[in-house]
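Following are the structures in question.
Common to both upcoming complexes is chain A, partnered first by chain B, then by chain C.
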Partner chain A sequence: MTNMKVEVLDRRQFLVTAGAAAAFIGGFSSAANATPETAAALLKELTKGGAAGAMEGKIKIDLPEIAENGNTVPVKLSVESPMTADSYVKSVHLVSEGNPGPEMASFHFTPASGKANAAARMRLAKTQNVVGIAEMSDGKFYVSKTQVKVTIGGCGG
Partner chain B sequence: MIDRRDFIHASLATLALAGGSLSGYRSAIAGQKITQDEILKFDAKGQITLIHVGDIHSQAKPIYFREPSVNIGVGEALGLPPHLTGKEMLKKFGIKAGSPQAYALNSEDFGQLAKTYGKMGGLDRVATLVKAIRAERPNKCLLLDSGDTWQGSWTSLQTRGEDMVKIMAMMKPDAITGHWEFTYGAERVKELIDMLEFPFLAGNVISTEWEEPVFEATKMYERNGVKIAVVGQAFPYTPVANPRWMFPDWSFGIRDKMVQAHVTKARADGADVVVLLSHNGFDVDRKLATRVQGIDVILTGHTHDAIPTTVNVNNTLLVASGCSGKFVSRLDLDIKDKKVAGFNFKLMPVFSDVIAKDAAVTKVIDETRAPYEKHLNEVIGTTTNTLFRRGNMSGTFDDLICTALIDKQDAEISLSPGFRWGPSLIPGQDITNDDLYNQTAMTYPSVYKLDFTGKRIKEILEDVGDNLFNKDPYFQQGGDMVRVGGLAFDMDASKNIGERITNMKLTRNGKDLEAGKTYSVAGWASVNEDTGTKGTPVWELVREWIKDKKTVDLKSTDHIKLTNG
Partner chain C sequence: MAKARVKAPKKAKAGDIVTIKTLITHKMESGRRKNKKTGKLIPRHIIDKFTAKFNGETFFSSDWHGAVSANPYMSFSYRVEKSGEFEFIWHDEKGEETVKKTKLTVA
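Our next item is the complex of A and B:
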């Protein structure tokens, strides 16, 4: 569904690993070092300061309310925008507020992409916000923040 | 004094001879009028009738089932049905204390009333009600099963769901959706679905790899000139609440945009009325009804609520028909211009002693039980008090399991999942193997003993507490709180994750649970493949414990204190 160049910052974040955490056993990664602050710092760097003026709207991130498997969480994003030489979506950055590192992925688009849509899988170490920022060709930024729960599970029913 | 059962049978014999009706007879039961005719009595309305059952959990035979005395609603559901219990609930629905309706729908005086009114359910009785409704409304009915029908008894476990498929087939349902059905594993679910003469609908299940539909989403029916679309919604958190390894290629989720797409398509295909056959849980459906447009009726399931009226949300009628075969719902709809112009509803309690058995269904039930009957009927002990499971925080049957886990595994603390299935036993009743399996029969029953830090135990309690009491219903998984033995704590349902559980103390010595200290914890039903399936099944350990005790005397416990802000 995508016509774009995907730049995966950390390949490990897209890997599916075996042996998922289970009911009352295993558990959450204790190495979750990213925080809302480090995520904001990374976004500032990626957008060369533009993130500070980011507005809500235009960017939609589709994530499950509760991850079935924190090791491979499907994510879909779309940005509402024309894709013409005069007005298009340049890039979308996804950043984690709770993984070992805040980097997740950056997607770059051109007017030839036709649509600013992307789909991928990512790994989430624990319940956290995933922040997406879209950079438009006119220099504006749009932001969306979505919480995904990663639960211990095993008690429903 | 005429024996209740004899009286009823005598009445039925009279009925058969006279070809007439039971009306006019008063049962000997507490001077209350409960007859089959009274239960079925209904002011028919409109062109079509929906008959709803769900969460039967393989209870083919009559059972006692105590409704919860603790069922807290949070956020927008605070104080709304089904989150009313005890006297508050009776008042809200104008039900007289001590009446048959109070016994069926409420926990007040349960042990006493059970002795007066007898058992509930039994699928041969359910079949009689379904048959009678169909006879009254030929070519106007749909029988819809919202799932959790194929799991919950020893015979279901031994036949891997097939006993229930055979029994339910006798009633000719029109559709089913699922949850615990999936715990027989993907291959077995597909085999069982192949045996059905009606569709298994689950529009929210897609393949993990390519996100393609796994099951049919929608089935269009025509009854009495009305086109009825039924959209199926399986339990959204099956891979979170149950072992994902059993169906690794299937992804679930609420997916309300997808539900909207199914509904919109059904309308475009000419549906006059759209029904969501749902295993979301009541509060999830209450929210979904505000976000998805065009659903006329949601037949809810999963949370095992029995509500004597429909609940109207955003022009969608929500129906909650209880569990364990205890109720059959009838909803008559008058459809005009593709809208519900009028309706009539009744939640029919299945009083086992007054509803005639459908002989053909009895025969199938007996056949499925025959190979196991002797073992199932073996008495392993007696209970002094009511043994029940339902309730947000604890139940005496779970206290029994938690105590057995600690005693038999020599652990400090025990954990048992907050399942909502499992009938009740009344004071003085024998405990049979059948009763034990009705609380434990599932495909990942192994016990475990592990060392957890106090911090980890708190994390587990907070995590499960948030699945139950998150203010946003879309984050609720629909089970009750994990049951805990050996540990006392306070819980504030109105708080957020990480802040609900306080004052954690070991019941053994009253000492505070220390975050950094390690404790031995016994439990069962892990969703991890090895831990859940490789060890001793929990029923063996609990059976031994009950046999040791002979008579069990578990009073309602107060080691968990629940507050709600």
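Our next item is the complex of A and C:
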């Protein structure tokens, strides 16, 4: 039964995010690509306005300086946190400033994660900034921006 | 559907923070690619949610979009407390789920 509950919540959460993103894309349909502005607007949606007060520090996004193949760019992220029930990292959102769409991925942690670390592989269409924002359990936000030079873009076309 | 591989420890001590690595075969079709012969867009088909549970409780999850590479790799951590079972769930947009389970024994 626990499984069922979690699934429903997750799906709802996804729908809310997707809905927000869709509404947002609708408003800017003339812009084919994500820009720093659309990325910032998506971050605002994802953080329910919290992105505006985000501070530098605590979050580290590890991306290659030069990515030869934009189809699979390794990304590692870590956020400084004791990861206890009182103080932990809730989520990290990755947003693109130069892909066809700004949304990349969100990672959700719990105190049981032990460390707010994650690694994955992303597609990057062209040379651009990737923005990572961490939401802490105390409601604070930390942001980090990394530039990646992409030799061969990775979003088809 | 997709074939998943998980590298998670089988044994650990209480208090250890272990790293889990996962990989699944999936095209993660972004919906932006064109079929070279027909010129038509290939419809989007991606995994949109990854969930990691221990003894039924979610400790890590991730929402994926078109920017996640094909054959998605995901690594993350877990703080070990007791023996039990990991469960990893990949949910794709068409509602298909791939589930992989591994056991953990606390020595």
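Simple rule for what comes next: the second predicted complex is superposed on the first by the 119 of 157 C-alpha atoms of A that agree within 3 Å, B and C clash if a C-alpha of one lies under 4 Å from a C-alpha of the other, contacts with A are read in each partner's own complex, and residues count from 1 in each chain.
Operating definition for what follows: a residue touches a chain if its C-beta (ideal position, glycine included) is under 8 Å from a C-beta of that chain, and two chains touch if they have at least 3 such contacts.
It should be emphasised that the depicted structure is a prediction, and the values quoted were computed from it without experimental measurement.
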Which of chain B and chain C A:I66 touches, first, second, both or neither: first
Touching A:K115 in the superposition: chain B (first), chain C (second), both, neither? second
Partner chain in contact with A:S144 - chain B first, chain C second, else both or neither: neither
Please indicate which partner A:I152 is in contact with in the superposed arrangement: first for chain B, second for chain C, both, or neither. first
Between chain B and chain C, more residues of chain A are touched by C
Would you check which partner chain A:Q128 touches, where first means chain B only, second means chain C only, and both and neither mean what they say? neither
Where on chain A do the contacts from chain B and from chain C line up? 72, 154-157
Listed in rising order, the residues of chain A that touch chain B in the complex are 20, 22-28, 64-69, 72, 74, 127, 149, 151-157
Partner chain A, residues of chain B touching it in the complex: 148, 179-180, 208, 211, 235, 237, 239-244, 251-254, 302, 415, 417-421, 448, 450, 452, 456, 459-460, 463-464, 466-467, 472, 474-475, 477-479, 482, 497, 521, 523, 525-528, 531-532
Using the touch definition from the top, list the residues of chain C that touch chain A in their complex. 17-19, 30, 32-34, 48-49, 51, 53-54, 56-70, 72-79, 81, 91
Seen from chain A, its contact residues with chain C in the complex are 2-3, 6-7, 10-11, 13-14, 17, 71-73, 83, 94, 96, 99-101, 103-115, 117-124, 154-157
